[in-house]
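Structure provided below as C-alpha cells; questions to follow.
Residue numbering begins at 1 within each chain, and the chains themselves are lettered A, B, C, D and E in the order written.
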Amino acid sequence: MANAFVAAFEILSFGAIIVLIVLGLGIIASMMGIFNFAQGEFVLLGAYITYLAYAKGLPIWAGMVAAPFVVGALGFVLEALIIRRFYAAPIVAMLGTYALGLIIRESVRGLIGGFYLTVPEPIGGSIDIGAMHISAWRFTIIVITLLVMAGCYLLLSRTNFGLRMRATLENPSLARASGISTPLMYGATFAFGSALAGLAGALIVPVFSLYADLGLRFLIQGFVAVMVGGVGSFIGPVAGAGVIGTLSAALPWVMAPVVADVLVFVLAIVFIKFRPQGLIAGKGV
Amino acid sequence: MLLEAAGITKIFGKLTALDGAALTVGANEFHGLIGPNGSGKSTLMKCIAGAEVPTQGKVSFVNTDITAFTPTERARAGMSLKFQITSVLPSLTLYDNILLALQAQSSLVDLVFSRTRGALHDQVMTMLTQFRLANRAFEAAAALSHGQQQWLEIAMALAGKPKLLLLDEPTGGMSLEERRVTGELLQPIKQHCSLVIVEHDLDFIRDICDRLTVLDQGRVLASGTVSEIQANKAVQEIYLRRA
Amino acid sequence: PAPWANAAEAPIKVGIATDLTGPIAYAGNADANVAKMVIKEINAGGGLLGRPLELYIEDTASNESVAVGNVRKLIQRDKVDMVLGGITSSMRNAIKDPIVARGKTLYIYPQLYEGKECTPYLFCTGPTPAQQCDEFIPWLIKNGGKKFALPSANYVWPHTLNVYARKVIEANGGEVVFEEYYPLDQVDFSATVNRIISNKVDVVFNTVIPPGVGPFFKQLYEAGFLKNGGRLACVYYDENTLNINQAAEIEGLASCLDYFKVLTKENPFDAKIQAAYEKDFPGNFLFAAGSAATGTYRGLKLWEAAVKEAGKVDRESVAAALDHAKIAEGPGGPAEMVPGKRHCKMKMYTAVAKGGNYEIVGRSNGLVDPKEC
Amino acid sequence: MPEFLDIRHLDAGYGRSQVLFDVTLGIPWRGGVAVLGRNGAGKTTLMKTIVGELPAWKGEVAFDGRDISRRATQERVRAGIGYVPQEHSVFARLSVRDNLAVGSLASKKADAVDQVLTIFPKLGQRLDQPAGTLSGGERKMLAIGRAMLGDPKLLLLDEPTEGVWIGVIEEITERLIELAKSIAVIIVEQHLDLALRVADYAYVLDRGRVALQGEAGEVRGNPELMRYLAP
Amino acid sequence: MGAVKRAIPAEIGGEADVVMDSGGTARRASARKVLPIVEGVVLVAALLAPLLLQDYLTVFATRVIILALFALSFDLVWGYAGIMSFGQALFFGSAGYGVALLARDLDITNIFLVLPAGTIIGLTFALLLGGFLLLGRHPSSVIFVSLGTLTGSYAADRLARGWYYLGGQNGIPSIAPMSLGTYEFTEGPAFYYLVLGILVVVYLLCRFLVRSQFGLALAGLRENEQRIAFFGYKAQHLKAIIFTIGGGVAGLAGSLYAFHEGFVWPNMVGVVVSTQVVLYVLFGGSGTLIGAVIGAVIVEGVSFWLSDNYRDIWPIILGLLLLLVILFRPLGLISFVLGERERVGSFGARAKESVKENRDAP
C-alpha cells in the first residue's frame, strides 16, 4: 500500500516534469507550427540562470523567478530577428532552430566548462509520512505545474489575449483584417512559450543538475508528446506529455528499463499511426 | 445505372449531416444537386468520391460496390471530383497541374520510362486553351485569381476522362456570362460522361441538367426531371422559406 | 632558445586525440592540458634523445566519425610518432584501427576502462576492473554490508566491470541483490530506488554515469538510503564528479582510483605535479583520475622512459621498450608496465566523500596487477 | 470635400507582376459602391490593396482624409475598415463563437452573437463547431457576420454571396441596403442585380484598369457592360 | 488551339525547353542552363581532387563523397517527395552493421557481394519502416513521418548500444577491407575513384528518375498528397517506393562507409547522423540533387577546417554559419547560382504559405 503510494507519487512527479517542459514546446510547436529545436536550450538557459543566481550567492528562488522573464525576453528578441522568417517554411524552421540551439548549447557548455553542476532546491529534503519519504521539491513541482497549466489554459481560453493569439496563429492575414496586430502576437506567443521553457528549466535544475545537454535530453520526448496529444491545440500536447511522462516513469517498474525506454516511443508511434489526430482532436483551446 | 448511392447517412458528432440520402445517375446524364446551405450537398459528393466515409449506406458505381474503395480506387474506376474549396497544386505551373491530372492513371513503368510529356503536350494545351488559360500555362497556379482557379480545377477534373464527373459549385465567383461559357464547355462531355453538379444558380442548373435532386437537412426532398422538380410543392416551399 | 644538444635533428612528434568539444570535453581538455604540461617539462629538461618534442592535438569531439577524420590528420599529415588519447571505449575502438593497423603507429590509451583490450602496439595506462575491485570490494563489504545492488548504464564498461565485481563480491561472502541496466540518458530512477530500498540493500555499487547519476543519487538520498546506513560506491568518482550532487546527497560515497587530490598532503611528488598543473591551467579543468588525466601523465612518462631506453623512436623499438617500462614517480606513486600484457601496474587508493571532499581510507600494498591479457 | 476613401492613380500587384494600373476611385461617406469585372480583372487585388494586405506600388490611398497607404492592415482595420476576403474568410480551427468574438474584439459588443444570429439563424446550431467544418455557404455567412461586428465605417465585401442559397442572398441584400444607409460599402459581386441594388455607384475593372464607371442604373444600361463581364 | 504550337519536341520531364511562338503567349523562361554547368564543374573538381590533394585529404575526400551519396538518398525522399525522413541513418547504419557482420563472421568482403548486400539491407529496412509509416488508411503527415523515422532511428541506436552481438556501445572495430579477388580496397585514390564512380552512376539514375513523369507525380504529391490521390495516383505507393529507393541508396553509402572507416558504431544508426544528413541537404539546397552533394562537401569541409583552426569553439561557429545560411539562403547555397524555377526542375517550387491555408480544404 505504502509502496503503491510512493510509486504513484514518483510516476506522477516525473509526468509533471515532462508536462512542465512540454508546456512551452506545445504552445510553439502545436499552436505556432514551429517545431522549435532550440526549445531544449531555452530550458537549459532557464536552468543556467538559476545556477548563476546560486553561484553569485543570491537566493535560488530569485533565480527561479528571473529565469522565465529573461528567457521570455530572449525569446521575444529571437522571434523578431530570426524565427519570424520561418513561419512559411516549417521544415527550414526545424533546421534554423536546430542551429540556434546548437549555438546556445555550445556556448553554455563553454560557460559551465562542460561539467555537471549541482543546484540545491529552495525547498529541500523530504516530506516524511510514516516510513515513506517523498521529495519535497518534486511535490512542489507537481503543484507549480498544475498551477501553471491551469493558468495557461485560462489565459488562452478565457482572455481576449488568448483569443487574439489563437486567431493570429490560425489565419494571420484574416487576423490582421480583424484588427489584430499579428507581429506583436507572434512575438508574444513565442516569448510566452520560451518563458515557460525557462521556468521549466529553473524548476528542474535542482532535480537533474545543470549540464549542457539538459534540455536536449527531453526534446524528442517532447515532440513525441506533442504528436500523441494532437497538434493544433494547447491542451493536446499537455495531455500527450502527461501520458508520455507517466508511461516512461511507470514502465521501468514492471520491465527492464532498457526495453521500457524504447517501448514508450514505439507505443507512441503506433498510437499516432492509428489515431493521427492525437488524443485530443482539434477541439477547444 | 452508372452511380447508385443509397441510404447514405453521415453523422458528425451530434450533427446528422446526411440522413439516408440517395442519388442515382444514369449514363450520359447531367444531374443537378441543389438545396439550401448546409443541407449536405458537399458531404454527399464527398461520400461518393471517397473524401468522407459515410456512417451508413452504400455506393455502387458501374455495378460494383465501391463503398469500401479508397479515393484513388474510385478515381481509377472513373470518378473525378472538383471540391467546393478550390485545391489546385499552388506552386506547380498550370501546365504541370493539367499534365498531372492527365496521366493520373498511367502505370509506374509508364511514369518512369515513357515520354508521355511529349505525347500529351497537345492535349494539355488544348485543355488550357479551352479554359482560356493557355497564355498563363507556365505560371504557378497560385498566381491565378479565384475564378481562374475554379476553371483550372474543372479542367483538371475533366482531364482524367472520367465516366462520372462530380462538380461542387464550379461556377462560384463567376459572372453570368462566365457561367454560360462554362455551361457550354460542359455540354460536349455528355457524349462520354455523366455529371453531378452542385449549384445555387437555378437558371444555370435548369439549362444544363436533365434531372435534379433536392436535398434539405440531409434528406432527399425530391428527385426527378427538371420540370417535375419545378412543379413540386415541397421544393417551392423551401425556396420561399428562409434558410 | 632551448639548449638542444642535437638541435639539427627534427622534433619527435607526439599526437594527442581527445574530446575537446562535446559532452566530456572537460575530461578531454584536462588531458590535453596534462600533455602540454608534460611535453613542456620534457622539453625544458633538454628534450628526448636530444630532440625536442612537438605536440599535435586533435579533437575527437565525442563523435567517432569526426574523430577518425582528425586522427588521420595526425597520422597521415602530421606523421606523429605516437598517439595518446581517446576517452570512451567506443572512441578507442574507432581510432585504434586508423592508428595501429592502418597507420602503423603506437597508441596509448589513458582511461580507466573495462579491460580486454589486447591489440599489439596499443598500451593502456589507466586502471582495469581488477585494480579497481580487488581491494575495494572487500573494504566495501567490511564498511558497508553484504547486500550489493549493481545499477548500471547500459554499455560495455558496466557490463564487463560488473562481471568482475560480482565475482569478487561473491568470493568475499557478499551477495548481489540485483544488477540492472538503464539507457545512458535515463534520468528518472524511481523504480530502481524503490527496489533498492525495499530489498534493504547495503551497498549500491554504481556504474550509472552522468547525466543519470545525479538524479539517481538524489532520489536515493531522498528515499532515505543514506539515512538508513546505506553505502554508495562508484569507481569512476573523482573530484569532477563530486559537484554533480549536493555534498549531503553523496556523503560517505566510496571510490577507488589511482589518484585523489588529497594525496598531495602526504605525497610530495603528487603535490609537485598538482601545483605545476594548477599554475599552468588555473581554469575549470581539474587534474583528476576519473577523466584520464593521471593516465595521460603516466602514459607519456612511460613512453618517455621507453624512448630513452630504445634510443630511437620507431614503433618496433619503442613498443619493445615500453613493454617493460617503469617510472619511479607518477601520480599516486610509481608505475610499471606488466611485460607482455601492455597494461600498467599502479598503486590504488580507496577514498570516501566527506562534506564534499575525499578522505583516503585505504591504500594498496605496493603496485596492483591489472590482470589483463 | 474629399471622398471618404480616395484612391488615386494606384498601381499594385504581386511580386513583379503588376495587376492594377492607374486606378482612381472615390467612395463616399455612406452608400454602396460596386466593383465589377470578369475573372482575373483585379477586383480582389484592389480590395487587398485597400485593406493593406498588398502594398501600393504607386499612387495614394486616403481614408477619412488621411493617407493610409503606408499603414499596416491592422491599423487600417482599427481606423474603421472592415473586410470580408474572398477566400479563407474564417478562422478554420476556432469555433464559430470564437470567430464572432474575434470580430467584436474592437467594438466590445456584449450581444455580438445574438446580433449575428438574428441575421443568420442557421449559424445558431453551429456555434461550438470549428468554423473549418462549416458548409461553404455557412462560412460566408459567418465571415459577413464577423466583419459587421467590428462596426466598420467602410465595409469591403469580396463576393459575399458566392455559394450562398438564394433565400439567404435576399436577406443579405436587404441588410446591406440597410447598412449602406449609414456607412460606406464596397461590394464585389457577380450577382449583377444584387450588386446594383446595394450600390448607388459602380466601377467596372478590365485587366486592372477602370474601364467603366457611373451611377448604378447607368452602368447597368450600358451596352459595353456585358462585354467587360464576358470571359 | 491555333497559334499555339510546339517549337521543340518536349522531352521526358521537360528536359528541353518548351517555347511558344509569339502568337501563343506561353513561353518557358530559358530553363536549365546553369544546372548542367554546376554539375560539370563539380564532377571535374571531383575527378581532379586526388591529383591535387595530399594523401590524407584524399582519404578525407573519399569519406565526404560517401556522405554525399548518403545525402543524395535523403534529398531524394525529402527534396522530391517531401517525405521528411529524420531517420535516414537507420538505413545507412544498419547496412554498415550488416556488411561489418558479413566481414567479421563470414569473412565475406567481396565487393560484388557486400555492396549489393548493403543496398538490400537498406532497401528492406526502408520498405518495412516506410510501409508502416506511409501506407494505410490515414494519409501520414510530414511531421508524423519525421517523428516516426526519428523514433525508428532512435530505437535502432538504443538497440545497437545494448546488443552484445553487435559490439554494444563499442561497435564493431577493425573490419577487414573490401576486396575484389585478391585486391584489397584500402583507403586512398583507388577507393576514392571507386566511390566517385558509384556516386556518379547513382546520381545519374536519380536524375533520370526525378526528371521523369514519376518526378512530376512526386512534385504533386509534395504539394498536396490528398489532391493527387483524388486524381487516381496511388500516392502512398509512390511515396513508399521513393522512400525505399532512398533507403537502398543510403544502404549502399553505409556499406561503403563501414569499409572505408573500418569501424561501425551505434551513432551510425542514430539521431546524430540522421540530423547530419538533413543538414547537408538543407545547407546545399534540397530539391536539386547536386545541392545535396555540394552541401555534404561544404559542411564536412568546413567542419574539418574549423576543427583544425578554432579547436574549442568550432561547434558554435558551425552553428552560426548554418543559421546564417538558413536565414539568408533558406533554399540552400545552391540558390546562389540557381534560379527558383530551375531548382526543382519544371515542377515548381515548394508550397509556401499554402501549407497553412490549405488546412481547411478537404
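Criterion: a residue touches a chain if its C-beta (ideal position, glycine included) is under 8 Å from a C-beta of that chain, and two chains touch if they have at least 3 such contacts.
Remember, predicted model here, so these are calculated numbers, not experimental data.
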item	value
Touching both subunit D and subunit E (chains)	A, B
More contacts between chains, B-E or C-E	B-E
CA centroid of subunit A to CA centroid of subunit B, Å	46
Separation of mean Cα positions, subunit E and subunit B [Å, integer]	40
Subunit B-subunit D separation of Cα centroids, rounded to whole Å	29
Whole-Å separation of chain centres (CA-atom averages), subunit A against subunit E	33
Shared interface positions of subunit B, touching two or more other chains	84-86
Residues of subunit D engaged with two or more neighbouring chains	88, 90, 92-93
For subunit C, residues that touch 2 or more chains besides their own	21, 29, 154, 181, 183
Subunit C residues within the subunit A interface of the complex	21, 23-26, 29, 154, 180-183, 185-188, 190-194, 198, 210-211, 214-215, 218-219, 222-224, 240-241, 243-246, 283-285
Residues of subunit A touching subunit E in the complex	33, 35, 82, 85, 88-92, 95-96, 98-100, 102-103, 106-107, 110, 171, 220, 223-224, 227, 231, 258, 261-262, 265-266, 268-269, 272-274, 276
Subunit E-touching residues of subunit C, taken from the complex the two chains share	20-21, 29, 57-59, 61, 63-66, 68-70, 72-73, 75-77, 88-90, 93-94, 96-98, 101-102, 154-157, 159, 181, 183-184
Complex interface listing, subunit D residues touching subunit A	51-53, 72-74, 77-78, 83, 85, 88-94, 98, 101-103, 105-106, 130, 146, 150
In the complex with subunit A, residue positions of subunit E that touch it	78, 84, 132-133, 136, 138, 140-144, 147-148, 150-151, 154-155, 158-159, 162, 271, 275, 278-279, 282, 312-313, 315-316, 318-320, 322-323, 326-327, 330, 350, 352-353, 355-357
